[in-house]
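Paired with chain B in one complex and with chain C in the other, chain A is shared by the two complexes that follow.
Showing the complex of A and B:
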């Protein structure tokens, strides 16, 4: 943050992380802090876009996705597309490791599943060939919650490989294995229901997702498609890009299991720093 | 052994075997491997095995795709777009890439019998690349043909980086002399950061990258080892290191003696070649950078490896 040159630097303080005043003390004088009490992505971003993004639409925008929650990232991109922004740089810091490997806790207190704002399609009443594509990460409780919500859909998992770190793919598979009863009876990594996409590449993720859906449609037209980003933030960005470029006004929705809280410190160190330039 | 931990480790290994590890191990195989060790050492070793990172054929195929797509193709496309006012003209981008590919040669590190050579065959197939764009390293010294712009060396692992540096020196000098305007690339599936830094510091290659980078936290017994971080099972790093060193020394000594060397030279390799201390294996082989207790597969000492190293000639 300190090393980035910008006219203005804004930090969002999200209620899900439950930061205390002492934790924010060092930031108060350095940055413009936006503190929110609402959990609703539209209540956070609509006023922000109105006050800051739209009046500065000709300026360069960099959005650091590292600490944002997945539904915020998706909604932010959806709004960028909606208002006609040309280009945004997305930043992402890769962790060296997750704190407790595959046992790292991420989300707390699952509440409900709903569509992310602006990402609800108009769905068909024919549900005979519905698909649910899950970006499957370590947070397997959330994978379970989403799979339960869309019980009758065909389930497809996107697993991050090449992974952020060499040991993370195995750890991810361990977690996915524990969710397998709801997803499918047995995890077969080389089956057509598993998509391997680089954990740190949103563009390849979007492209592989697009290819998968086209191929599935050729075999038998998908009646309704549900996307759920639960893997890395880069893959979340990829899923959102696929949605805004290929799915708006179709029977496709991005759904998400909402929680009332998230752990603040889930990872250790920064191994690499990514800059993804999205041209809308 | 602490039964609770043991059950947990076997369960984890069962999942790995049924998924990522391509059914390469079974409980029986694990027990045979454990029989190399004393009863009181086995819990530690079982824990260590749960930390092993295996790359299956499927993963390696995806890494080979990643090398071609992310390090080679996209970089060529990105540079072309940048130098052409960010063009999105798909026809001109495709033509430029096709022309760049025609002016590229892909080369395995090592001789034709080594693993990176067979890896390159997979690389060609999976990325659907023309056969005539591949040459063996030995052919390079006689290679003076045409207007080649890219020489791309591909390796499975970059350990210390010394092999990629020393063994390639003559070939790279030849390329620099005969093709002064060409770019030389080195890409590996997995690379130790210290090895990649060594190569980078020597400026032998113009482009250098590894699909997965291993920092010092992947060294089993380093003070920053990720294996023992937040470990709740009361596995002592020092105890395990001592076990691995003690067996590893005997095993590596036998290899050095067989090569006609002084066993004294085995010490730096008792935890893997040049003290790499890794715990990784590939579908096609286990690198000698991994702890010898995992892969030792020679006749001189009776040893049951869990992920045997195929290459018996050193």
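Showing the complex of A and C:
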């Protein structure tokens, strides 16, 4: 944060992380803090866009996705597309490891599933070949929650490969097996129902997703498509890019299992920084 | 290939559903469901009870397959089934975003009408395609249907055009909802509701059956699956349609046990009543109350699936499953005799005199009788009897029994406690309990939920492959069956991870099972075959009621229909049996005989995770009553000097 040159630096304090005053004390005088009580992504970003983004639409925007929640990232991109922003730089810092490996807890108290604001498609009444594509990370309870909501869809998982760190793929697969019964009749890594996409490359993720859907449509047209980003933030970005470039006005929605809280510290160290430039 | 890989109807295509269809023996699902019945029916069942498979069986796509795509054969069934999967409607989008509940409810009602009508017209379109003679009526149908809309004066001449028109109305709503969060434009500004609630659902079928002579007496059956996916407000609207049902429309609604969130309607918040306004069909109960047919049903499913996988087996499927082999297991136990060690330790700990002689007297070449003798000694300790005398008597009894004579005292105890004593022997000697194995026991364990059985079978085939065991030529070992049960339990427990308002359901399940297990394997269990508990007045305790309702709705505990009358107060108490899968995992009985009576206070200690300390104390006190030296806390037993 300190090493980035910018006219203004804004930090969002999200209620899901439940930060105390003491934790924020060091930031108060340094940056412009935006504290929110609402859990609704549109209530956070719509006013913000009105006040800060639209008046500065000709300026450069860099958005650090590392600490944002997945639905915020998706909605942010959807709004950028909606209001006609040309270019945004997305920053992402990759962890060295997750604290408790495959047993790291991320989310707390699952509440409900709904579509991410602005990402609801108009769906077909024919549900005979509905697909749910899940970007699967370590948070397998959330994967299960989404799978249960869309019990009667064909389910496909995007697993991060290559993963951020060498051992993370194995950890991810270990978790994937735990949800096997809710997701597939049988899990096979070389099956057509698994997409292997780099954990830190949103563009390849978007491209592989697009290829998968085209291929599936050739076999038998997909009646409705649901996307759910639960893997790395880079893959979340990839899924959102695929949605805004290829799915708006189609029977495609991005859905998400919402929780009342998230763990603040889930990872250790920073191995690499990424800069993803998106031209809308 | 594993014939049981698919355990959910959703993973089957229509053709596969048809191919794998197995009817319920003797009664047939047709007789239960009665598709042409005018009274709406609510079909409830646990996850995996087969609701979707059954409901889809009555849908048009399956009607078409079984009638070889022949219009006349479909008509012979007397109805046309329109299947709706409620989750497909994405009911979650109709809330929040600063819109009032009233606005959402009216938009949802219109949306549902449009959605169901599209599904119905899709079926009609298909019928017009397979019976081209009817196509001349399309123009009249379209004209009449369009009159149901308040403003539209579209010119539509065929059913496909009508469906496109409805789709367009639906799309307008979808866009309006989406735009709330992109443009701050509210819903009432952008959605125009063009028909009265329910008109499309009741009147379009009416128009079709009155316009098309071949369909005059045909019922239009709407099959709504996954009703639990609708919110209370959304169900309230549909409940109103149930109350105001008009011919030729019939409804079958499928829901999980907890699926009906409200019985309220929009008519002055009145409730729809089971029996008079809708019929309640409990699939779990049907399976549980008709055990013989249920067993036959699972046998037929298994044989069909295995045969479809090109594995040749005999129709006597039970012979492919190993059961508990007491003779060989008793030989192992004889070699270990750890139950005797435990017995000696106990007697010595409580300073019983003449331990060696007592132990010698209870000894018997039949280990079950030996364990029974130990049980009788424990009972004598409790009664304060002379242990040397009793053990000498037992020595004689054992000899008589071994030489083939009846021993009444043994018969009385074995009649009730035989399985408990066998299981105790296994447990004390470090063996896994195999009394859950065998086809009949696996059926029993599934507690009327076919998917539980299918899951066990799926894992049996997996482990069979792992151990390179061929199902057709070898029997399935008890080890493999136990591994399969374990895998199924892990899946079953997944739903218990839910927590709400200071409740941890997983903890509650583990806690009640642990408690019952401790009782079952105490020295003198209070009841035989423990796995059932009884509770009174739970209705007056909202906290307990909430947990029990959850556990019952997810089938972690099975409510016994009639409960039991309290001897003193004549109040009927509620009785619950632990689910068979859990019973196996916690080494409880899968039969229901003895019933453990629990007060609300005790059950609160067991179920509430913030009362772990109280539970510890309560359990210690409780177990003192059933374990040597059988005393109340702080009392000195004179027998042991």
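Note that in this section the second predicted complex is superposed on the first by the 280 of 280 C-alpha atoms of A that agree within 3 Å, B and C clash if a C-alpha of one lies under 4 Å from a C-alpha of the other, contacts with A are read in each partner's own complex, and residues count from 1 in each chain.
Here, a contact is a pair of C-beta atoms (placed from the backbone, for glycine too) under 8 Å apart; a residue touches a chain by one contact, two chains touch by 3 or more.
Quick caveat: nothing in here was measured; it's all calculated off a predicted structure.
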Fit-or-clash call for chain B and chain C when the two complexes are aligned on chain A: fit
Which of chain B and chain C A:125 touches, first, second, both or neither: second
First (chain B), second (chain C), both or neither touched by A:150: second
Chain B versus chain C as contact partner of A:56, first or second or both or neither: neither
First (chain B), second (chain C), both or neither touched by A:141: second
More chain A residues in contact - chain B or chain C: C
First, second, both or neither for A:277, with chain B first and chain C second: neither
Arrangement angle, chain B at one end, chain C at the other, chain A at the vertex (C-alpha, nearest 10°): 100
Touched partner set for A:42, first chain B, second chain C, both or neither: second
Closest Cα approach, chain C to chain B, once both complexes are overlaid on chain A (Å): 9
Residues of chain A that lie at the interface with chain B and also at the interface with chain C: none
Sites on chain A touched by chain C in the complex: 40-42, 46, 75, 78-79, 82, 109-110, 112-115, 117-123, 125-128, 130, 141, 144, 149-153, 181-182, 185-186, 224, 253
Chain C residues within the chain A interface of the complex: 2, 5-8, 10-11, 14, 52, 85, 87-88, 90, 92-93, 96-97, 115, 118-119, 122, 170-171, 174-175, 177-178, 180-184, 226, 229, 455, 491, 494, 497-499
Chain A - residues contacting chain B, complex: 96-97, 99-101, 161-163, 165-167, 169-170, 173-174, 177, 187, 189-190, 196, 198, 201, 204, 268, 271
Complex interface listing, chain B residues touching chain A: 12, 15-16, 18-20, 51, 53-54, 56, 58-59, 62-63, 66, 69-70, 190, 211-215, 217-218, 226, 229-230, 280
